[in-house]
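By letter and in written order, the chains are A, B, C and D; residue numbering begins at 1 in each of them.
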Amino acid sequence: MTQVGILGATGAVGQRFIQLLTDHPDFDIGVLTASADSAGDSYRSAAKWQVDTPIPESVADQTVRRTDPEAVPDDVDLLFSSLPSDVAATVEPEFLDAGYVVSSNSSNERQAPDVPLVIPEVNPEHLDLLAEQQDRRGWDGALVKNPNCSTITMVPALAALREFEIERVHVATLQAVSGAGYSGVSSMEIIDNALPHIGGEEGKMEHESRKLLGEYTDATIDWLDADVTASCNRIPTIDGHLENVFVEFGSDPSVGDVESALASAESAALPSAPDPLITVFSDPDRPQPRLDRMVGDGMGIAVGGIQETATGVQFNVLAHNTIRGAAGASILNGELLAARGWL
Amino acid sequence: MTQVGILGATGAVGQRFIQLLTDHPDFDIGVLTASADSAGDSYRSAAKWQVDTPIPESVADQTVRRTDPEAVPDDVDLLFSSLPSDVAATVEPEFLDAGYVVSSNSSNERQAPDVPLVIPEVNPEHLDLLAEQQDRRGWDGALVKNPNCSTITMVPALAALREFEIERVHVATLQAVSGAGYSGVSSMEIIDNALPHIGGEEGKMEHESRKLLGEYTDATIDWLDADVTASCNRIPTIDGHLENVFVEFGSDPSVGDVESALASAESAALPSAPDPLITVFSDPDRPQPRLDRMVGDGMGIAVGGIQETATGVQFNVLAHNTIRGAAGASILNGELLAARGWL
Amino acid sequence: MTQVGILGATGAVGQRFIQLLTDHPDFDIGVLTASADSAGDSYRSAAKWQVDTPIPESVADQTVRRTDPEAVPDDVDLLFSSLPSDVAATVEPEFLDAGYVVSSNSSNERQAPDVPLVIPEVNPEHLDLLAEQQDRRGWDGALVKNPNCSTITMVPALAALREFEIERVHVATLQAVSGAGYSGVSSMEIIDNALPHIGGEEGKMEHESRKLLGEYTDATIDWLDADVTASCNRIPTIDGHLENVFVEFGSDPSVGDVESALASAESAALPSAPDPLITVFSDPDRPQPRLDRMVGDGMGIAVGGIQETATGVQFNVLAHNTIRGAAGASILNGELLAARGWL
Amino acid sequence: MTQVGILGATGAVGQRFIQLLTDHPDFDIGVLTASADSAGDSYRSAAKWQVDTPIPESVADQTVRRTDPEAVPDDVDLLFSSLPSDVAATVEPEFLDAGYVVSSNSSNERQAPDVPLVIPEVNPEHLDLLAEQQDRRGWDGALVKNPNCSTITMVPALAALREFEIERVHVATLQAVSGAGYSGVSSMEIIDNALPHIGGEEGKMEHESRKLLGEYTDATIDWLDADVTASCNRIPTIDGHLENVFVEFGSDPSVGDVESALASAESAALPSAPDPLITVFSDPDRPQPRLDRMVGDGMGIAVGGIQETATGVQFNVLAHNTIRGAAGASILNGELLAARGWL
């Protein structure tokens, strides 16, 4: 078993990490860190546990440590990070200097040319950037990022359609409140309402998707040359991001071609990877957040409503934003790092 | 005062008609009709009143009549119809044969070449089709339709941008549950959820918007030659449709040009017309359904989030779906019919 | 394996039966019935599957039968019924005449003196009424009822406190929408709202709880002599009934006495019985519907907020209304019937 | 016109004060205060306006001042306070020393023997405590409190029933999220959920109601000698507290007696007082938060579901928690202070 740590273990994503790592076949939770206020407390008292399965007994009594390389036991080989991005920008380099491999969900550095932004089923080869990264940064460790939750939801579907030459994407999102963290969206803001704006989210979708779909050659990523335009909305849903995607292609695939390409998207041979990667629904009413967010144990991508448009194809896509879109994404990247010998 | 009637007065839209017509400066409710089951009952007992203002006393004790020309008093000159479309398809012609002017919210006949589909601020001149209509159909009466709620929300904004040559529109909607009628969406379907499909809605938006923006010449409407592609979603919101619109133009307007054109869209000189027609918000968080659906007493169009995209402009638009999008739309058309001498 | 059937298999409770019976250690689904309209269809096409786990493959292609003893295979020994109560009143006797054992969730006959109303952990001895029932009614079969979902939530906690002599109970409920069935509560009724009335529910709680807590002697149930007063409300929650209970006792137990009695309530030795029966929370914020309804796999009873009042004790209680409160309750009764040799 | 000020004008209750005072017949907003951070800013920029009517133009450009007697113009005669109670405990005395009359919604000092806790329709005579207050405290000003929102909802109904000798009250509340302030309840806490606990709320209801219903004699309040037991819950509703009340009386009133007493509860002769004070619904489904919270322009009390119980009477009561239950309550007390010559 690889000993792993969770940086920022008490927040909403941190709690998901714990839920998903309990009973993991290869990873064992060796350390939990949080801000200095909580250091020294038991996890039970430091975290306001909000997940709908009970807090694992094995974790409840662990002592929370400072988020500091000194506080992490030596036998820990892999760190998952769900720190706020401004904190991560300072703290992650300290762990990288100290030689740790970090699989991070935080948004800092995602667009850096020497930081692999990875979805294992989409662009595992981008991991090869790590040699370049160590070279440039002088780190003994290695830093891998997973994309933003709204990006992860859409990109596996787009990746399955790369063969048709994606030229233009318009996407509108209906995002769950958990994406903003435990107190990110107040109830007064969202009950009987929707918010037509999520700060920075549209840019993340537009840039990250092009990097993810880019080609790795010569220690650089050549971003996909396509227009991606996003409009992001928050709706009164707990978990599960639903997205309406309109794609225009260089070629002219039929609805059937698109459906086949999606349904046959390849899964990864990793413990947390869903199989199939993409579940295609024929009922146009599906996927729905509450009914379908747990497809593939929360790691699957659900697609439906595939239709021809005047200029291409439209479809809907759904994924669980705090599993596939956050904690599960980092864990999957951790599994890829392990499989490729980076631990 | 013109005596008006409401066909299908007990449903959700029927109740809005009553709320909006109480205290109307020119119209007086002369008759309320419903299905045969309710005929003879007082309105109070026939309708399960669900509007958040009390049932008007002047209406509560009116006797509900059958939806039949025989049951309508002779002094009624204008009928508002919010019948289910299959019922309307049979019943509206009976009233038209009998010489009534009908301003209808029902979806039947909206795309017929001799039936004006009208938003008074957008295409009042389409009313001239009525001469052709009477000619062709042999009706003494006249039938005017207003578009579907999701269409009405978007089209006033598009109309204000016609000068920039609209070529392509992608729109994703976040629609309130009231658009489906009182029992259209069950609570089990929608709490903590969203539905990515509303039967027939996408086609309505795609066709009705092109007819509304079309040119009237020679007793025909020349539909706008543009691609309109819609993706329609239901979310857990009571009232107010929010829509994300992406537009590509033949010309290359700046964000400022678009904003000016929207903010200066002309209002109509009719009692229920809002002034301004379009309220433009600079805060990207707005408009929001709960906060902004009552702009212009529920008859206004709210726009925000105007941004440049790689291929054009994107913005968000909001309107109250059962006021501007249904009962208020029919009343406004009734006011236009009165102003143009059709009563 | 005992072959079991589900009468009324396509509704919301019917779907829960299927979810809970898949992988049941002792019961195998032998037949699914529905109204005549659906008879002959595959279950997949007859039911609008709404549960958040996929429809079991083993069931999806079963042919739905008429709800008629003739249509049920001979090897089926136990029937679960979730028919509307007016239908059940006609149809259940046909199955009982035909010799079937019926464990029913329908509300008809619940207060009949010769029909056991049973929660296995509370009053298993009431099952002895069945001899009397067969005698009086001339049935070859046997009919057992489980109580209403709001009653089941509260009664296990009250049963654990019987030793303190319950004299008076006031209870206010916050009930989930699924209790009313798939289309029982429309979204327009409940979003940003609460309904202070559920037809017939208060009477059910007041009567059923006294019968359940009654003593069986001489082939009759002597109902508990206590005042039970209920006020029932519907709130915008999908699953899980939360109830505020105020109890006055003949004796004067301390909060600690009450907590001990609740925490040590005995579980039943049946496959679906949760252990512990009652989970007591010390955090006054718990139990909460979304976080705690799945305690004991949806079969547990969660209690919290135990406090002294001027006249007794108050506490909050929560259970999953369509698992412990409906389908799971009938299955548990089926398990009790099997254990006691009634199959 | 009396010049009034609002202490803590940028919060949720502060915004309601502004909405309700705009167009007030006797009061004119002379000053708005907030924390030092916002002092000097325009109100428009200092407040995140969240009310569903637009921010009044007359207020939007006012400069926000420090919450300090020095910063308040001399012509201001009455201050409304909606400060957090810990801030109010320090700051209100400074204004009282400086001679201001303060009508406060903050919870500090509500139970002090020389501070009148007033609902004008219930206990206006308690205002006479002010002479005693000035005497004891040495203030030139005068401090009046209104009760907590959940208390105000219930007490007008109880006051109407005083004649029947109230002995015991059990009440369970279903409270809206706005009662906790703008960010008091996160969306992740409350969507598809309910919270069975609101810190300190039960005690407030139990104590404040007995003080409000107490008798004023000899410069003291003799609290009502009755048991009041409350259980408080938060539900996913924006505005409007619904409460289930069970009352036991010394006398034995019929349901008709109770209904008459409620329906004929006297209104106050003050500008913001609703008439009738209590609206009694005969439909047991009413009152409902979304449909009925605006009864009496948000200042009315709605009652329904009156029924006999084994030991007394039960009913449901509803009021708008941020209008009648907070800002409107303070304004009504301000009107009473004006009418009684305290300004």
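Heads up, the rule we're going with is that a residue touches a chain if its C-beta (ideal position, glycine included) is under 8 Å from a C-beta of that chain, and two chains touch if they have at least 3 such contacts.
All values reported here derive from a predicted model rather than from experimental measurement.
Of all chains, C has its CA centroid at the greatest distance from the CA centroid of subunit B.
Chain pair with the larger contact count among B-D and A-D is A-D, by C-beta pairs in contact. Chain centres here are Cα averages; for subunit B and subunit D they lie 41 Å apart. Centre-to-centre spacing of subunit A and subunit D amounts to 47 Å, using the average Cα coordinate of each chain. Residues of subunit C found to touch two or more other chains are 50, 191-192, 236-238, 290-291. Those residues of subunit B that touch subunit C in the shared complex are 12, 50, 177-178, 182-192, 236-238.
In the complex of the two chains, the subunit A residues touching subunit C come out as 50, 52-53, 191-192, 238, 290-291, 294.
Of all the residues in subunit A, the ones that touch subunit B in their complex are 168, 170, 172, 174, 191-197, 227, 229, 231, 233, 235-238, 242, 244, 246, 284-291, 304-305, 309-311, 314, 316.
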